[in-house]
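Below are two complexes that have chain A in common, paired first with chain B and then with chain C.
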Partner chain A sequence: MNVQNVIAGVVQVAGGVLGGPAIMGLIQHLKARMQGRRGPSILQPYRELARLWGKSGVMPEPHTVVYAVAPAVSAGGTLMALALLPVAGRAPDWGLGHDALVLVGLLALGRFAVTLAAWDTGGAFSLMSAARELMFSVFVEGLLLLVLLLLALPLQSTDLISMSHAASLSWVWLRPAHWAAALAFCLVILAETGRQPVDNPDTHLELTMVHEGPLLEYAGRDLAYLQWAAAARHWIVLVLACQLVIPHPGPFAAQLAVLAGGLIALSVALALCETVQAKMRVLRVPQLLGLGCALCLLGLASWFGGGGG
Partner chain B sequence: MAVAEALAAAGLVAILAGAVGAAMGCSLRASLTPQSAGAALLGLAGLWVLVSGERVGAGFHSVLRPAFGIDPLSGFFLVLIAAVGAPAAVFARDALTDGAQGRSLALATGFFLLVLVGFVCARDPSTLLGLWELMTLVPAGAILVARQDREARHGVFVYLAITHIGGAGVWVAVLVLAGHGALGGHALGGGMAVFVACMSLLGFCTKAGLMPLHSWLPRAHPLAPAHISALMSGVMIKLALYGLVRVLFDWLAPPGLWVGIVLIATGWLSCLGGVLYALMQHDLKRLLAFHSIENVGIVALGLGASLVFRDVGESTWSAIAFAAALLHALNHALFKGLLFLGAGAFAKAVGGLELDRLGGLLRRMPWTGATFALGAIAISGLPPLNGFVSEWLTLQSLLHLGVGPHLGVSMVGALATAGLAASAALAVYCFVKVIGLVLLGLPRREECAEAREVPIGMRASMAFLAAACVLLGVLPGLLIPALASLGPEHATLGSSPGVNVPGTGSLPTLSITVVLTLLVALLARLAGVRRTAVSPTWICGQLTPAGLAWTSAGFTKPLRLVLGGLLRPRRDARVLASAGVTQAVAYRAEVPHLFDTLLYEPLSRRALRAAAVARRLQSGSLRAYLGYLLALLALLLALARLELLG
Partner chain C sequence: MSVHGREIVRALSPARILVVAPERWRAECELHAQEGWRFCGLFATSGAQQPRVSCVLARGGREHVLSTSVPTGILDTLVDLFEASAVDEREAHDVYGVRFHGHEPLRPLLEHPSDPAAWTVPVQGHDPYQVAVGPIHAGVIESGHFRFTVVGERILNLDLRLFYKHRGLQTAAEGRRLADGLAYAARACAACSVTNAVAYAQACESALALAPDRNLRRARTLLLELERLYNHLNDISAICAGVGFAPGSMAFAALKERAQRLNQRLTGHRFLFGAVAVASSELRIGHVDARAARHELRSIGDGTRSLWRELRFAASVQDRLGGVGCLTRDDALRLGVVGPSARASGIEKDTRSESPRLAYGEFAPVSVARASGDVAARFDVRGLELEQTLALLDDLLDGNLTTGAVKSLGGADCELGVSRVESPRGETLCAVQHHGGSVVRLHLRTGSYANWPAVACAARENLLPDFPLINKSFELCYACADR
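Let's look at the complex of A and B:
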């Protein structure tokens, strides 16, 4: 294990655990600025998590063990997903492999646990949101797999580290397939992070919530886990975008710099998108994602139509 | 060699003894315990053959002389039969009521097990086809013993009608193959191979319940007693795929790319269609039956991918896709068996299985509830259980079909990948709904609030299946190399506890399970040390009456709206008002099964109309019949004269 792998490991874990809330804070801050408000500090999510950590939990009546362990499952699955992510084209071997589809499975596990907890409380608002979230997931997972397929084309592997190497080859940018994948990945980012126009993370109006709905009953450390998991999902998806889509040639240090720059740029883009874009009707989202699927298939066709390696 | 033979013989004797015992009027315990032990012994024999690679008994031959034997592929399917059959028999011991009906069902169970075992061990066309027919008839008999109402009789009629019409394809395919000496001889090639491939696809896909030939499955499976449903859904439809594997991989020379593509297309349709309709069901057993269609679809995707890989010359991936298909068949047998047995346990405890009228059963029946939930997690394809492993392997196979070098194949792979991913997400949706409505929340009915845990035998059989789901989730690598070597290309994969396949980031199941469990336990412990307050669920400060609890239809509404054009849900709301005051609201909503309304119903209407026309020939007049005979004779003579008759 060399020094670069150690650094990558530190960025993976520390960045994943601490970086997610920072990205959330940055987006909130920028968004407020763009809307002409002063807005909360970038550190606000940390303060919230610290406050929640000190509070006692609430258990709705009735509940079972499902409600009690759902936050731990969600956070645990997300924590493990962090270990699969490549950072600057490399990652230490934790013995967990680095497969893209395992990462997708772990994210699905978190969604499963949280939506199941909504059934446990039986609250109508949580269930309404849970149903919407699961409905989105059907289309998001189909799209995500197509994007991963396109990104696996150059080196024919779903190993996240090889996929990250593929993106560091400069010639992939000459391929329309990569551009199609990049555009479609933008849709995946919006949907997986629950940002506008798919979902509005700021709203607590019960009838429009999607991701926040099943979290309604939670308090204390359980809520802290769930909020952290939502933040970490931002980190995971944006790091994936930087590693698999954005080109990052050069030595390790340069790749790290590209990663940091990419994360900031994507956060700015998300804040901008949230500012100019209104939330769309829930039933329109699948059409948007279907557009992404069509784009991916076109990209795949272009790979063979002379655009391939 | 002697070991496997002795185990198989002992197993057969034990099942036979149990069945005879049931016929002679022994108690359920005395007749079903030997059946379970016998199934287990046969499974061990199969495992022995699978691991050692030795063959037992006769090999395949095309002569109509009854013969039986076990080769590694049969051995694998024996393991599959035993994995469901042994716990199902133990479950039936406590689930059935002692009496004439119970004993008849015990007899049917033993007979069904023997037929299933016989079908995978049959080594000549006569036994193969005979047992194929019995495999259809025995569960039909069991259903009719268990239920005599009109719905059951109609369901059985549809089941027999469709499987027999479709099953004709199997007869034609096997007899043509036997006629050319392809069973155990040279693989059949040429134009005849195309015909045989079509016929076998038609026949076996009907019995496997692949869309659009599935219409019997959601009608027949829910009718049977729980343990027979488990055997039908878990085992019987897999044996149809076993037959398909024999024909397409062993007895036919590669007939071309199209067979693989057709299998992928039907698998794709079954995957998405099966789970979509499962999601819209309101009855637990019917939902599980529809969900079986999704899972045979996944197996068909794997088999199709394997055929396509073989044709484009990717031998390693062909073997991996084949292993993925077989592993998913076994996994589905385990968790679908578990879920059907769980449904049987709930039915015994609370009566009906209408999803909107259950609820809160996890607290009342912790053992049944926990194992049922585990089965539901496994079938949803979530890490770290066995469903994830086989779906991961299948997805990887399809994805690598997608990155392959040919545009057409690549498009098929991409569409199949997206379809399977979407159907996995739909399965999560479906089983979140099932767990939520059955196990969680408040009881929605008096019986659910007072449900009692079922007897130990039923719980033990479910616990066994749940343990098998965990084991195959943690250590699938013990089985995968053996399965890959059964495939067409005999590729060897490195053995490890997890799954290590080239071109992927590998799936080290053991460490993933351990790390995930530790992380979750640690986080739960950290959260749990705080004091927690108990409070009612917050719904704008109101109390919700039980009648306003979220329903199955409500939970699936977003998807029904989004896919409205595809599913065409119907709703009918009538407001009865007198003097401007609403007295009552009659509301009905349903998602019609479009394959029935658009395909099967017009088809059966036309068939009946044609039959009515044909009936005119049967005038009852002797002169007309003599005229027919004379006309036939004249026709035959004319044909003979023209030398058109052989």
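Let's look at the complex of A and C:
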């Protein structure tokens, strides 16, 4: 285990745990500025988490263990996903491997746990939102798998570290498949982070909620776990984009700099997108994600049509 | 008296009161319905021994009030003649105990029974389930309970339960002097305060056979249009918020703030409170202030137009508005919908064009090119009406404004005065019954009150997540419906 791996490990965990809320805070702050408001500070998500952490929890009655463990499962799954994810093309071995398909599964696990919790208490809002979340996830997960498949083609491996190396190969950018994957990944980012036009993270309109709905009943530390998981999901998806799509050649330090720059650039792009776009009608979201799938299939066809790697 | 003068006197003559026997009640109303009279409101009064029920009907700027006593406590319903009377009859039942024969089931309105079956429309089948929203909401919204029956995301039926804000304002006004009763009408709601106050004042003046002079008419029209300006700007902002388009929402909210600051400068109150009085107006605006206000209004107008253009070309916003929350012309007519919502459904009616007590001159209601009755049409109507309002304000602020007064029309006092005024949400009816200068009964039927059933109708067969947008496209008040 060399020094670079140790640094990568520190960035993985510390960045994942602390960086997620910062990304959310940055997006909120930029959005407010673009809308002509002063907006909250970038540190606001940390203050929210600290406030929730210090509060006692309240449980709805009746509830079962399913509801009680959902925050832990969601946060735990996210933590494991962080450990899988290489930064700057490196990751220490945490004993979980670095398989892209495991990452997809862990992201799905968090969603599954929260959905089950909504079912457990049976609140109308939670169930309604959970149903939407599941409907979207059918398309998002499919799309994410297709994108990962496309990105795995150059080096014929679903190992995240080798996929991350593939992104730095200059010849992949001559392939339409990589471009298709890059475009489709933009849609994955919007959907997985629950941002406009797919979902509105700031909404107070109960009836339009998607991700926020199942969290309504939670309070205190449980809510802090869930909100942290949502923030860490931003980190995971954006780091994934920086690692698998954006080229990052050169020495380790340069790769880290590319990662930091990429994260900031993507956050700005998300804020911009959310400012100029209104939220989409719920039933049009699958069409949008379907478009991403079509793009991926075109990319796949072009890859094999072009004679493979 | 000149010919012109006589016409004005006729136009200002009070509503005709037709006292009918209880058994002739329905027949008389039916006759009016056949002659094309429009239902404007129905209210009960406690009366000396037995309750009385009155129904206000209008046609071409004239009002008839049909009034009957209800010795048996039961009256024939009008709900099949005018569906709009359904809410009024439910209120008359809950407050005055009048029952309506043929109105089945007569669901409670102000009463809030705990059993949903008592107040919701039954929906058959296996899959429908109910989503209950409110009365406490996640945002800063007034209290209202919405019970949706849905299959998946599709709304099959919506039952509204409002009237959480009953303050008994109408009853509290009883026994006050006519001039003091105005405060009760005005405080029913902040956003329609001027409309309610003007409606009350005009109802009193109509009953006392008084005519406003030019200054009084100008002052009230100015206040009404200032109210419409900030309300419409707010409603456009709310529609933008409903589709999650924050830049539009923020920019229009900023314009609304400017309009309210102008209100403050002109009248001393952001919501124009206290600027209307019975039989007089203390509003004075000098040349310099009027010129400054005109200047500010032009600047607000420029801002509005440029933002409006941007919204027109914001594809993601326009994509959300079309075909959502359709209220057909037939439904709007049937439910007695008023105001911008009615005009968006192709009913070109605006009470401003038949308001001889106000300074609207030759006013013509706006007509939208595509009166499809959806959110987009209601959005467009507001944009067009803003132009109208800005032009009216520009005219009204041409020159200074001094105090206004009334002159006697020379007629005899009438115990009941009725007045209709166009609020930002539609026609508001105010009926004031007085005896010796004291209020005996005050009845306020605001545009919001008239339009709430239309929200439930427009929501049907739409997607549940589109409901906040549909609701915002009507942007009705809860408080001024309940009062």
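To be clear about the criterion, the second predicted complex is superposed on the first by the 304 of 309 C-alpha atoms of A that agree within 3 Å, B and C clash if a C-alpha of one lies under 4 Å from a C-alpha of the other, contacts with A are read in each partner's own complex, and residues count from 1 in each chain.
Keep this in mind: a residue touches a chain if its C-beta (ideal position, glycine included) is under 8 Å from a C-beta of that chain, and two chains touch if they have at least 3 such contacts.
Given the structure is predicted, the values throughout are model-derived calculations rather than measurements.
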Look at A:106 in the shared chain and tell me whether it touches chain B only, chain C only, both, or neither; answer first, second, both or neither. first
Would you check which partner chain A:143 touches, where first means chain B only, second means chain C only, and both and neither mean what they say? first
Using the touch definition from the top, say if A:124 reaches chain B (first), chain C (second), both or neither. both
According to the stated criteria, A:68 is in contact with first (chain B), second (chain C), both, or neither; which is it? first
For A:279, using the defined touch cut-off, is the partner it touches chain B, chain C, both, or neither? Pick first, second, both or neither. second
Look at A:293 in the shared chain and tell me whether it touches chain B only, chain C only, both, or neither; answer first, second, both or neither. first
Of the two partner chains, chain B (first) and chain C (second), which one does A:170 touch, if any: first, second, both, or neither? neither
Quick check on my understanding: which residues of chain A belong to both its chain B contact set and its chain C contact set? 124-125, 128, 131-132, 206, 282-283
Contacts from chain C onto chain A in the complex sit at residues 129-133, 137-139, 152-153, 240, 242-247, 250-251, 254, 314, 316-317, 319-320, 324, 463-468
What residues on chain B touch chain A, complex-wise? 360, 362-363, 373, 377, 380-383, 388, 392, 395-396, 399-400, 402-403, 406-407, 410-411, 413-415, 417-422, 424-426, 428-429, 432, 435-437, 439-442, 498, 503-508, 511-512, 515-516, 519-524, 526-528, 530-540, 544, 548-550, 554-559, 561-562
Touching residues (chain side chain A, partner chain B) in the complex: 55-62, 64-66, 68-69, 71-73, 75-77, 79-80, 83-84, 94-102, 104-106, 108-109, 111-112, 115-116, 118-125, 127-128, 130-132, 134-135, 137-146, 148-149, 152-153, 156-162, 206, 216-217, 220-222, 225, 282-283, 286, 293, 296-297, 300-301, 303-305
Chain C partner contacts - residues on chain A that touch it in the complex: 31, 34-37, 124-125, 128, 131-132, 196-197, 200, 202-208, 274-283
